[in-house]
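Below is one structure, written out as structure tokens, with a few remarks after it.
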Amino acid sequence: MITQEKYRTRVKELLASNSVKMVIGYKQGSTADRRRPLFVRSFEEADELVLDSNCIGNLAGYLVTEGLLSDEKRVGIFLRPEGIRSINILAAESQLNPEQIIIFGFDTSGREVKALQGEQAEDFSGLIDSLKEKPPEKSSDALLYRIDQMNTEERFAFWKDEFSRCIKCYACRQACPMCYCRRCIVDSNQPQWINTSSHTLGNFEWNIVRAFHLAGRCVGCGNCDRACPVNIPLRFINARMAQEVFESFDHYAGTSQTQEPVLASFNKDDSETFIL
Amino acid sequence: MSEPFEPKIIAFVCTYCTYAGADLAGTSRLKYAPNVRIVRLPCTGRISPMFLLKALQKGADGVLVSGCHPGDCHFTHGNYHARRRWMVFRSLLDFLGISPERVKFSWISAAEGGKFADLINSVTEDIRKLGPFDQYKELIRETETPATL
Amino acid sequence: MKIVDRHDEAPGVRTMKLEFQEQADHELFKKTFRTGMFGLYGIYGEGESTFCVASPETRTDYIECTFRQSGRVTSALANNDVGDLITFRGPYGNRFPIEDFYGKNLLFVSGGIALPPTRSVIWSCLDQREKFGRVTIVYGARSVADLVYKHELDEWQKRDDVELVLTVDPGGESPDWKDKVGFVPTVLEEAAPSPDNCIAVICGPPIMIKFTLISLKKLGFDENNVYTTLENRMKCGVGKCGRCNVGSVYVCKEGPVFTAAEVARMPAADL
Amino acid sequence: MTRILFSDKLDNCIARWRAAGLTVFGPVKTDTLSSYAAIEHASDFDFESVLPDRSIKDLFFPQTEPMLRYTIKKRAIDTEDFAPPNDKRIIFGARPCDASGLAIDDSLFGWDYKDEYWIQRRNESVIVSIACTKADDFCLCSSLNLAPDSSTGSDVLLRPLENNKGWVVEELTDRGHEAFLAIAELLQDGSDPIAPIAAVPEKFDLDTCVAWLQNHDNFESKFWKEISMRCIGCGSCTYLCPTCHCFDIQDEGDTYSGIRRKNWDSCSFALFTMHTSGHNPRATQSARWRQRIMHKFNYFPGKFNVNSCSGCGRCSRQCPVDMGITETLQKISTLQP
Amino acid sequence: MAKIGVFICHCGENIASKVDCTKLAAAIGEHPGVEVSVEYKYFCSDPGQESVKKAIRDNNLTGIVIAACSPRMHEATFRKACAEAGLNPYLCEIANIREQCSWVHTDKDMATEKAMDITRSMIEKVKRNNKLQPIEVPVTRRALVIGGGIAGIQAALDIANAGQEVVLVEREPSLGGHMAQLSETFPTLDCSQCIMTPRMVEAAQHPKIRLLTYAEVEHVDGYIGNFKVRIRMKSRYVDIDTCTGCGDCMTKCPVKKIPNEFDCGLGKRTAIYTPFAQSVPNIPVIDKTSCIYFKNGKCKTCMKSCQINAINFDIKDEFIELEVGAIVVATGFQVQNTAGYGEYGYGKYPDVITGLQFERLASASGPTAGKILRSSDGKVPETVVFIQCAGSRDPSKGVRYCSKICCMYTAKHAMLYSHKVHGGKTHIFYMDIRAAGKGYDEFTRRAIEEDEASYLRGRVSKVWEENGKLMVRGVDTLLGKPVVIEADMVVLATAMVPQPNAKEFAKIIGIAYDEYGYYNEAHLKLRPVESSTAGVFLAGACQSPKDIPDSVAQASASASKVLALFSKEKLEREPVVAATNEITCAGCWGCVLACPYNAIEKKDIFDRSGRLVKRVASVNPGLCQGCGTCVTFCRSNSIDLAGFTEKQIFAEVMGL
């Protein structure tokens, strides 16, 4: 509550001084524990801002809405640490100018929602570095643990079952702050690399390619997982990719605004034990 | 008696090293298994994971990707990029239950005709032992059956 | 259907002449086709693409179609040569009520690659020229190279019973260009055809239609005497897939031909 | 006195139907998702959830449907149509909203050109709905002139008895009657008390909304932009919707053969209406959301005299950014017409 | 639909014996889009090519597939045929059914089936081929020659004499290379220095040649016609412009006992030195590792002795950036280290020496002024044993290949010895005498017949010392018995090997090398002087062991290639380059990072009113080399590579 009040005040200050044209935050949703995105442009709207542990969606994706930042005015946004990492990646990939972004950082990991120190993405580099130091949680989730224990055939069967439900609505893509392409690979039809039909084969292809495109870029915000209307545990796939690039290339997505994409760079000493 | 299983293997190779190595195996008249179909590309850097998926869709039981040794790339470092992609892609396939044993990677230089022949033989044997990739083929079959609902 | 002729109209724009392979299909086409209708032209493995039948209802021994090569299907269609087979579904949609135009003056306004649907109406009328009054055609394209049916434009230009006004967008003229330079609505206003006893048929890109409708209004045309054809994206052609829906209208079924009055009742922003 | 199907007879019914060559479907819940699926025993049913995550549409209009197979030969192309499946089905335990959804789409698929896949499946299916005794915050049937016990679209409507003892059977159509003939002897007469149906409070006044939507001036209202600002265009609302029916047609295959399929598509997607020229009539997400609302409550009823919404609330229930028809229409109902 | 012509070559029996070409042609004839499917004995022959051209014209083909040998063999041939028949040459694809099918498989049915798959996938590819036009790039008419040995000097002179600028870079303080170390040369026995030094001087003084000695190429960027090169000028600590080469400094230098590299360690030099008396340029360098000043900061004797103050200990390495249009690599070879041959006692017994050391002993300017003397005791050896193939043709310890020159120089050594030491005895252990070359066999015969060299066919198993003699135990396989020879000196004909840093250097220039580190030619027979990288040519022993005439010939050949390249202002390049889709590009710049050639730039897109709409990636076709790494990176599929487009590869795989 303290953080919420503090931030409401700050949002109003910034609006009053014309320092931001909009702040993207959360408000009460349609049920008690739902929060929905809120675009604050007035004091009245600022009073609707809610900040509590139910504010889980990563709002960073709204920043790349076409035209939002093209007037070079500043926009404020409520972000958890993963969200801040998304900002860094979007900046590193030239999708936004981080100087235009005022961050209202918050952390919901404790009992109380905690405000994070800083307003510009670079202010949080210490925090992000400390997150990187913590090894990515391995198999902390019971289901993930189960997947890890499976043999290859069982894993295939598991994912086949999961992907068979996919309806190719692309909600995962739309919800993902990293999926900013003007034309998604799946919409590129000359040639049609990915089968658009939502049979299991096409669903496999789609999910494989999406995971690959997110390798080294996914910050694990969980937007895709929550958006999936058929409850495919997408977070595990992306987390495994994150773990892979961390272990193999010491790459932790979104540490800085100058981070090179892990798949557009290389190290001559990269592991190649798997190569015959 | 059913016919003995002949694996279908699709290989994606770079033209400067492995394709040349394959040519050398030919000019040296080395003999190797006829199960591999080669797709020639300028560089391993051009080889996209999508190619591998399409090879599987075409019923490949195994996929082979091969290019220049590190440092040998005609394009200086296409193979370094490729190596990273493969590392990640392999791990992804593994996690999703597509055995990395079916997706092989190798470095073969233009000088290694012998290695090429040996590799084709060993990869063919490996895939033969793994047997047909029935799980993936099942997916392909599913796409061809009408909706039953 | 079999391609019996093909030629390029403009960069990336091709006309194909198609003949039916099956007698029954041909008979059905002859019976049902009226100018304004469209078809779905396809290639197995690539899909289907929708565009109008560019030949007139007075010539139903064949189908002519003109398309720009841009997407997957049109690129594939363009790869086909004389003698090759493509698929055709149709004719679908409604029609220009030519009979209602009898005895009236006709004004055709068209832009760029939208001449094909207009051309179907134009020939349908010119083939029974005596039934109509004055015929005026205003046609423009971005550049001289982008004008389609150049040989027919020549033909119309030479005819005494057709008034042809050609124009290209500013900057699109070639050194030897003798006709007008300017956007279609502007040129139309300059030409100032009389709205009296006159039916206007306009086809063009959405932006051209929008401004041409305004110009026609200025010139005094009644919305009910102005016809246009909407070229929405379509997939099924039979009023199911939802793509072409504008307002309560499924363009593929209840269109593509509408009067300006009907169009005015549609949500303009969705066109 | 009413005819009653007691819960303990349900397994027997299923066995009879199955013996009569019917496949029995019903709401099923797994660890991950609930949907309408084929079942074998009464214990497979999930009557507890308010309604399945996925709508009944899946059974009539699958997300991907092969239409024809083509084989490319040197001088000819052979095609072979996929016939619509003709197995007889009984869908037991459909929610009235889902059943209404089918009735809504009947008008579209039966309009002009008859969609043989839809019609065949409808003809071969018996819809046995169960009136709802539970509802949640997202249910909105009552706002749409429907109710938790609406019989629209159902062949048989069952009203639950108290304490899950069974259902009162109300046969509505010949098809329903025929299906229940097979189990007629398993039905009993009785007068057990019927459980109260769920209370679904009315959330907005539909007529007010429709009037506002029909007003041309409101088409360009800035309301549309405001209400849809947070829409991410994911389209999952349309995919879960029992009445959304848009589709795409795609050829998929290799050099030698392939299949032409009908795949779901959505008006929420930017590419849905994009012309090859690059012009897009509905270029913004707000235009697309407007289309969805307009289509459901203005265009569709304008053509088929029925709203294209059966009030299941799945769109809002599932929306990743907590949008939905309810919120939009609630807001509209407060606006000046 | 496409109209594809498929031409199935028997290649004599090479293909036809393992692939049922008739069956193949019939099956392919039924493939969609195939208009013509024919077989013929040799399509690469004149009548074969004519028939292809005729088929193209007669059938209005839209593309052709030649099912024959590797595209590396005849792709160019058939593309040319296409062009002559009026078909864009890039509408031709080769199905490799020889190297990768008929030659490597034994089962005819399976080989035929594989040939069908290969051909079909190529048909599907060629259907999607685009008409491409070669790309023109400007040519910087300046050549870089790397290596100042005989090959480098020859190439530099040939290019310079034709009027083009040359930059000649030599790593050592002086030009000359190995040839300057030699005494006489076979088969004429003319003095090596007598023919070499005038060439060195000519090169140094040539107005078109910029000579950079004691310099190393550190970085090469760019592409044919437009290379950018960074050269490190190692500091000599002697001002090259002031120094007159008087030599006073060298006489004064207190450090005098450094083994002289030029003399293969047989002579000594000072810390400030020129490698040899005739060095070009005749300007000393300070050997930093031996110089007292660099060790403890004191001495500077040389500096004091220099009357013109040319010595300056503060001179730093400098870097020169150059733009050149072509590069000739003439980096030469090294002599194999014979440490692996412990049984020969090299390094253990001072009188077991290498052939190159023998050259220095025999050289009039060498450490012994041309006298053959033992380093152990300064005596004239009475019996000398030469061991050929001391490293060459020995897969177990040495190298697999023949070093080509050893037979000749060993014969030469035996002759030189017998001319210098009358009555001296020579024994030569050999495996084969390989004396192919003009006057070469005659030369070895002379050594045997006139100079009484005793040739023993067999290998030496051990050399050991006994009573001041070197005992050489070998086997005379012709007599079939072991022999032990008492010798005073043993000369090992060591193998020629690539420079120790050859592979690293190849990576700097971006050329391919073989398993040993010799640089690969683009085609062993048809393009023997081009490297795998366009615009980089090879000369001399960096490519493979060569003698002087061969090196010079190849240097001249390289020079002529360079001159041919320089004959035009612009160069036509293969149009295999990437291009972006500016509509769909999201501007993430991953491709910019991934591109090895910095060929992708950021391009601003403006709308009609001049407002910046977005920035997208744009490929510079002059810089792009067509690797396709960017294409694979691009998540939105917004880049494609001509010749290997997504559509083509998709079709290729889908046709398999």
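By written order: A, B, C, D and E. Residues from 1 in each chain.
Convention: a contact is a pair of C-beta atoms (placed from the backbone, for glycine too) under 8 Å apart; a residue touches a chain by one contact, two chains touch by 3 or more.
Since the structure is predicted, the reported quantities are computational estimates derived from the model, not experimental observations.
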Legend entry - Remotest chain, chain B as reference, centres from CA atoms: C
Inset, instruction - Name the chain with the Cα centroid closest to the overall protein Cα centroid. - result: B
Legend entry - Pair exhibiting more inter-chain C-beta contacts, C-D or B-D: C-D
Inset, instruction - Starting from the Cα centroid of chain E, hunt down the chain whose centroid lies farthest away. - result: D
Inset, instruction - For chain D and chain E, let me know how many angstrom lie between their CA-based centres, rounded off. - result: 72
Inset, instruction - Report the inter-chain centroid distance for chain A and chain D in whole angstrom, where each centroid is the mean of the CA atoms. - result: 32
Inset, instruction - Averaged over CA atoms, how far is the centre of chain A from the centre of chain E? Could you give it in whole Å? - result: 51
Legend entry - Geometric centre distance via CA averages, chain E-chain C, whole Å: 65
Inset, instruction - Mark out which residues of chain D touch at least two other chains, giving numbers and ranges. - result: 64, 72, 248, 250, 252, 254
Legend entry - Per-residue multi-chain contacts in chain E, two or more chains: 583, 594, 633, 650-651, 654
Inset, instruction - Pull out every residue in chain C that's touching 2 or more other chains. - result: 71
Inset, instruction - If two chains touch, include that pair; go through all of them. - result: A-B, A-C, A-D, A-E, B-D, B-E, C-D, C-E, D-E
Legend entry - Footprint of chain C on chain E - complex, ascending: 1-3, 62, 127
Inset, instruction - Spell out the part of chain D that touches chain B in their complex, as residue ranges. - result: 58-60, 62, 64-66, 69, 82-83, 85, 87, 121, 252, 254, 259
Inset, instruction - Over in the complex, which chain D residues touch chain C? Could you list them? - result: 70, 72, 76-77, 79, 108-109, 111-113, 115, 216, 219-220, 245-251, 253, 258, 260, 265, 267, 272-277, 279, 281-282, 287, 291, 294-295, 298-300, 302-303
Legend entry - Sites on chain D touched by chain A in the complex: 32-33, 53-54, 63-64, 137-138, 229-230, 232-236, 238-240, 248, 250, 252, 261, 263-264, 266, 269, 271, 316, 318, 320-324, 326-327
Inset, instruction - In the complex, go through chain A and note every residue touching chain E. - result: 93-95, 180-185, 188, 190-191, 193, 213, 260-261, 263-265
